[in-house]
Amino acid sequence: MSSSQPDPAPALKEFSTFETVLSVRPDDIDMNRHVHNSKYLDYVLAARFDQMERCYRMPMEAFLERGFSWFVKSTFIEHKRPLHLGDTLAVRTRVEEIHVRGVKVAFEIAKVDSRKSSALGWFEYVMVHADTGRPAIIPEDIIEAYSV
Amino acid sequence: MSSSQPDPAPALKEFSTFETVLSVRPDDIDMNRHVHNSKYLDYVLAARFDQMERCYRMPMEAFLERGFSWFVKSTFIEHKRPLHLGDTLAVRTRVEEIHVRGVKVAFEIAKVDSRKSSALGWFEYVMVHADTGRPAIIPEDIIEAYSV
Amino acid sequence: MSSSQPDPAPALKEFSTFETVLSVRPDDIDMNRHVHNSKYLDYVLAARFDQMERCYRMPMEAFLERGFSWFVKSTFIEHKRPLHLGDTLAVRTRVEEIHVRGVKVAFEIAKVDSRKSSALGWFEYVMVHADTGRPAIIPEDIIEAYSV
Amino acid sequence: MSSSQPDPAPALKEFSTFETVLSVRPDDIDMNRHVHNSKYLDYVLAARFDQMERCYRMPMEAFLERGFSWFVKSTFIEHKRPLHLGDTLAVRTRVEEIHVRGVKVAFEIAKVDSRKSSALGWFEYVMVHADTGRPAIIPEDIIEAYSV
């Protein structure tokens, strides 16, 4: 599981990888009879929301209560094997980098049955003030919560 | 018109009610910060696909292999309480009527935590020839499989 | 264009029918290679938002600024002919009933090319206070705006 | 990695840029009250389908009739400014590279009113045999059709 470019930085090993298991829903299937390409991004989003609460102990609601939200700044995804109706998938994510105003999260989606990789990539998120959408500086306690 | 009204017909008791548990995905949430109204129909679809395989032992794939598919003919849904981010829901469905060319399936969506009803209604499905989309007569063995 | 039950009430003729033309998007297509059933509800929603602004001169933003929103209370839809990739559709809607706390809106979706009906039905909406989601009494000026 | 960086390669100028105008649909809006991140990929898909027919004179149906389809191999997207309810957007795409088995298409999404950029990025598509999903070699006449 890696960003698209080789990155030998040892800092990457500081952060934990977490996993969320999801099932393909029939409305995720498109005319090609596999999971529609944009739904993979929604699977990663669902995994992050689950992990924010369960693994980082800081659910999205906690951000919203403090007036913060996360916007997607950029995304890269590479498709390896299509997911199909009935498939169960594991979404593994890991914080790769923490910046003053954002984080980079790498992900891999694997089929649970075959353990084969379906897709991998990364998201860059920026923290924003929820009311204005303007960038915010990530508070120290949030950086700590994500540094596991 | 709806399963929401009392219906003393004894025939209803002939068919079993099955349940599928699902989780709200973040991409299901709309600008009102609850689950988008049309997603409830997708939850019922997901529950039916699960139950076709697990409870009726006749997954959608079995229909497609025989050249059949199911189209939605009509739907009624009544919303009771909105589902929100983080909610887990139980979708209960039951065959209400089996006709020559279709079935009527009643559903109820309940919140797992509070056990309160979120929505109820029904779907009328027609069996079609998958290649042409034209109505088909439901084969006897399929009627039997659904008569549990 | 009618609700599912015959309704001879002359009051129905008091309200105008408005039309919005939309195009099927590829992500609306499902495994049956026609428009996914729940997307029809999204087409009606898109048409109502367009018509609220263009025809009733009261866009959704005007409701939100006054602290109101509309929730879906119930929906009925009957499918006549499937929409496919490349289709252009006309969504015609008309207020059928205005109540103290809600409105009933009938709709018909037709294919623009063939002029044939694809689906029809109705939505019941309730006005709510946007911050609490609790039902609101529709202000008199809004009733007037919708009584065209 | 991205079309967002200046690229003086003269080859890029060989291919035409085409534009498709779309409207934001209310069901595209998420809990942050702007267009949901994964919907931007669907807008690009809709633009490509439109342009395949209108600009390249080779609609998706023509590929399917010949037993071909296009799968997404990888995607990069960078978000500049969020799209909101009521926004009209222009999706501009351009073939960047044509390979033996796939094409790379760069895109930019701009707001029509302000002419400001909302997002940009690229898609790599591979041609597949529709029945098996296995990679295909792009026929010469298709390469020619796309070399405008």
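Labels for the chains are A, B, C and D, by order of writing; each one numbers its residues from 1.
Note that contacts are C-beta pairs under 8 Å (C-beta built on N, C-alpha and C of every residue); 3 or more make two chains touch, one makes a residue touch a chain.
Values in this document were obtained by computation on a predicted structure and should not be read as measured data.
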Pair joined by more contacting C-beta pairs (A-C or A-B): A-B
Most remote chain, CA-based centroid, reference being chain B: D
Distance between the centres, which are taken as Cα means, of chain C and chain B, whole angstrom: 23
Rounded Å distance between chain A and chain C, as computed from the means of their C-alpha atoms: 35
Centre-of-Cα separation between chain B and chain A, whole angstrom: 31
Where chain B touches two or more other chains, by residue: 26-27, 38, 42, 45, 85
Residue ranges of chain C touching chain A (in the complex, touch as defined): 26-27, 29-31, 33, 36, 38, 85
Chain A-facing residues of chain B, complex: 23, 25-27, 42, 45-46, 49, 53, 59-61, 85-86
Interfacial residue positions of chain D with respect to chain A in the complex: 1, 32, 34, 37-39, 41-42, 45, 69, 71-79, 82, 121, 130, 133
